[in-house]
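What follows is a pair of complexes built around subunit A, which joins subunit B in one and subunit C in the other.
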Partner chain A sequence: MRQMAYRPQFFMMIVGKIVRIGLLFFFFQAVFLKVDRIGHWTYYEVLLLFATFHIVDYLMSVTFHRNLAFHLPQLIQTGELDTRMIMPLNLLFLLSFEMIDFIDLLSFLPSLGFLAYVLCRLQFAFSWIHALAYVLLLVNALLFLFGIVLIIATISFWTTQSFGLARIFDNLLKIGRYPLDIFEGVLRTVFVYFLPLVLIAQIPSQVLLATLSLKSMLYAFSITGVFLFVAISFWKMGLKNYLSAST
Partner chain B sequence: MNAILTTDLFKTYWFYEKEAGLSGSLKALFRGKKVFVEAIRGISLDIEVGEVVGFIGPNGAGKTTTLKILSGILYPTRGHVEVLGFSPFKRDKAFLKNITFLTGQRNRLFWDLPAEEYFEFCRVVYEIPKDVYQKNLMDLVELAAIGDILKVPQRKLSFGQRKRCELVAALLHDPKIIFLDEPTNAMDLVNARKLRGFIKEQGRGGKRTIILTSHNMSDIEDVCERIVIINRGKIVFDGGVDALHRIAGFWKRIRVAFDGPWNIDDVQKLGRIKEMNDQQLILEVEPDKTASVASHLFDAFPVKDISITGPGLEKIIESIYLQDSD
Partner chain C sequence: MLPNRNLKATPAHVDGMSITPIVKFWCVFKLVWIERMVYRLNFFLEILSGIISSLIVVFLWLAIYRSAGSGLIGGYSVKEMVTYLLGAGLINTFILTTAENPETSQSIQDGTLSTMLIKPISPYGIWFMRDLGSKAFLFLLGLLGYMCVFFFFRDYVLPPSSPGYFLLFLLSMILAAILQFLLFEVLSLLAFWLENTFGIRFTMRVIMEVVGGAIIPVSFFPEILQDIFMLLPFPYLIYLPMRIYLGKISIGQVPLELLTAGVWIMGLVILNVMTWKKGIRHYVAMGD
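Moving on, here comes the complex of A and B:
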């Protein structure tokens, strides 16, 4: 409840969120005054992708992202990780969700409102199966991002700091809010296979629009499984290399 | 029964060496020299359930590193380690619920909240049954004398008060092994004595195994039955306080005050005379002969008062550090 204790800060945060969504909304409006589609995506489909990205990004940033990408390196640097390591709790779970401010959930409302607006304006055949798949793919996107953030955070066991890498990742991640059809050649291959940002918003949006094949959906789950496996193995290796800090 | 068993334990650290200044920083950025340091080198320990062991050594000797390996914080580079039958680095829940690690230099409490809130957090984390929790809390709060500060935010407490709160938090789950890393560090005399009394009380009954590191010899003398001295990553002494006095081989000092005439030739045969005047004499004697010399002095001389002093634990340990550094 830390943020609620500072009311001006809390309200400014919500206003900031609305302004951010609003600005990108106007940006897309401006783009679509000139073109009918981006790749295969219509105006409202792009907005759906954008709203989906915001939901995933928001859920990540208020849960594990701030904890792993920024708090964990500090704990490693100061040796404060010691106090967490002796607790009979799942260490990774504790470190991923140690700082959660439930008041953040209120600032989730603008993102949800935006999604509701887009869904109302979109002309598509709603189906419960597609809605369920959409939710599952959102969870899948979060698990995929968890894997990446964990890999970046784990690097701190060797480098003590990984802020730079976390910042690079944050900037790369923003690409996921655009239809990745805009990329071609090597970049497209990278964002589909090597750093599959398509998993974050594009694939969940496509399933809701009923334009995603079952094969692509299975691919999404499999690639997340691979990323998670690599991330957790790397995390275990990192723990073995933890050197603590002198007292 | 073994509480702790280690065989030939090693831990090697590494870091990048950096020279001072901007040029040093730039050099380290591209051509940093990786330096390896063996923090502990072949530590073998066998500690029984219920023992209270003082783990001492100069700065950088490897005490805290050993404790961190024993508590599962650090992974040993090589060697065997077993605590309560567990491999600590696997960090099994059952293992972690049976140990506690308290350091005098790190704060584990919630800074803005009262200790009471942290104790409740411990109850949940350690899954302590409510009735057991209430009883342990009452006993420990009384023993640590923190009943009047339970509702005060931690940031408002003195250092000594905070440390006593931390000790209560560390013991609420009734751990079988207690690791204490310089618990009285930076504490004033009164608080340090209170904390020692508290630790001593925990060690009674032979149920808990306590490993304590400290630079404060009063902590060791008051609390520990066994002393392990570590220097440059190796154990250089392991035994009781008496054994330490014996192996150090320091001569005892006998100070004698006379109330009548005495003959120097008769005294010289008993030991080394350090100081003397008409009324008193300071004589150094071998530790084994102290009692017989004192008895002889009483029988054969007009003794008014007599006192015997040893070199003190601090001096003995200092001499061991120095011998080992040669």
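Moving on, here comes the complex of A and C:
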């Protein structure tokens, strides 16, 4: 029932996101009217990257993103987290997936349709193994993002407000929709190792296009593991710091 | 300014001195600056994230120019493009997207509008001045932050094409700031009927960014889309000011374009007045 209360607002956000996908599609079309590739990425390859990014971004925003990034800091601030702590469920699980509106999943269909369109147009050797790896890497991307979002949300145990940081993160995240190997020097190192945004769309797309080495794939899984481990340890530390204000 | 149905704008008296509307609005303007300084950290992060996003877009375009091999893409040289993107980023982040008039919506929803209605200043005037104040504040500080970026890309950033164009550019930016306020304000006023206007404003912002030319000059789009986009008010927000700055529009054509922006402003003022008048009758002062 709680989801119902938020529906109209959230539904419009989804509409906004779909409109953005449409408009950014025009953006890439506009760019490719003038050039035939970005780095070594052709038009449809860039679109695949773009569709992949939006699928991950979408799945994140209908599941844990708003719960952790917006709802959790509020619960901490008001002390309402108490009532969640006494529930007979894993706390982190409950907090991450408290509000999921399955109606939102309907608006997921256009993104999938877009991906299907791109895949039909792309000329590449399809294989089931690569498709399976693609799906696994999408899950991997979501877990990686979960780790980062959790770290940012956990900061609010100390600051009671991590809105500014969440905003920076949202902005940085958008970089993931571009092919990151076109960057050179420091930026490239940052996006591969320190803030590995390549995990979100580039690595899954590359595996589908069969241009990814097994080593990079293993790297993707292990770095997610590291991020998750750090995030969960940090979360436990934050929880010990919970002051249960106003109760 | 919109008429306030219940109150005539009578000058208030403090210590025997009458306070003119200009002084009142100036106070509101100043208050926003003071408020903004309270949340310095968030504010600093906001500037930082704006700068990061435009840096990325510039790097993306540098890569596109590198792989294109030719010096000119869509009539823009690499320097013009970098200047366009940085200018557009500056306008977009600090004038257009930081103030989306959430206050109007919020005060209608939680009923704080009631207390505003009994103040000797029109709520609409307060919102307008707060919006302008916050835009001016963010823009000036954003500009300071951007100085580093301009320095970093000093080999690419072009000066305005002439002093005359620069003045027209400033004028077009002021018109853009007012136009943006009116566009979002009318959506915020929908809070009289809807429980939340956040989603609508978000959608509008997305459209504004793309159609307004924040990520790419409008002339890059296929012709049919360009024709549609130019019929909308959005290109006057970013595309027009940046074209004036770069001198990519003949000086004789500028007044006509600015006039069109003015017509949009007038039209939106009328729409705002109508929405406000209808809405205030519908207002139930929830939560009070």
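Everything that follows uses one rule, which is that the second predicted complex is superposed on the first by the 229 of 247 C-alpha atoms of A that agree within 3 Å, B and C clash if a C-alpha of one lies under 4 Å from a C-alpha of the other, contacts with A are read in each partner's own complex, and residues count from 1 in each chain.
To be clear about the criterion, contacts are C-beta pairs under 8 Å (C-beta built on N, C-alpha and C of every residue); 3 or more make two chains touch, one makes a residue touch a chain.
Fair warning: this is a prediction, and the values are worked out from it, not measured in the lab.
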More residues of subunit A are touched by which partner: subunit B or subunit C?
C
Touching A:229 in the superposition: subunit B (first), subunit C (second), both, neither?
neither
Applying the touch criterion given at the start, work out whether A:126 contacts subunit B, subunit C, both or neither, answering first, second, both or neither.
neither
With the two structures laid over each other on chain A, which partner does A:85 touch: subunit B (first), subunit C (second), both, or neither?
first
After lining up the shared chain so the two structures overlap, which partner does A:240 touch, if you call subunit B first and subunit C second: first, second, both or neither?
first
Which of subunit B and subunit C A:97 touches, first, second, both or neither
neither
For A:193, select first, second, both or neither according to whether it touches subunit B, subunit C, the two together, or no partner.
neither
For subunit C, which residues count as touching subunit A in their complex?
41-46, 48-50, 52-53, 56, 59-60, 63-64, 67-68, 73-74, 194-196, 198-200, 202-203, 205-207, 210-211, 215-216, 220-222, 225
Sort out for me which residues of subunit A touch subunit C in the complex.
8-13, 15-17, 19-20, 23-24, 26-27, 29-31, 33-35, 37-39, 161, 163-165, 167-168, 171-172, 174-175, 178, 182-183, 187
Complex interface listing, subunit B residues touching subunit A
13-14, 64, 68, 71-75, 89, 91, 93, 96-97, 99-101, 103, 105-106, 108, 125-127, 181-182
Show which residues of subunit A lie in contact with subunit B when the two form their complex.
79-80, 82-83, 85-89, 91, 239-244, 246-247
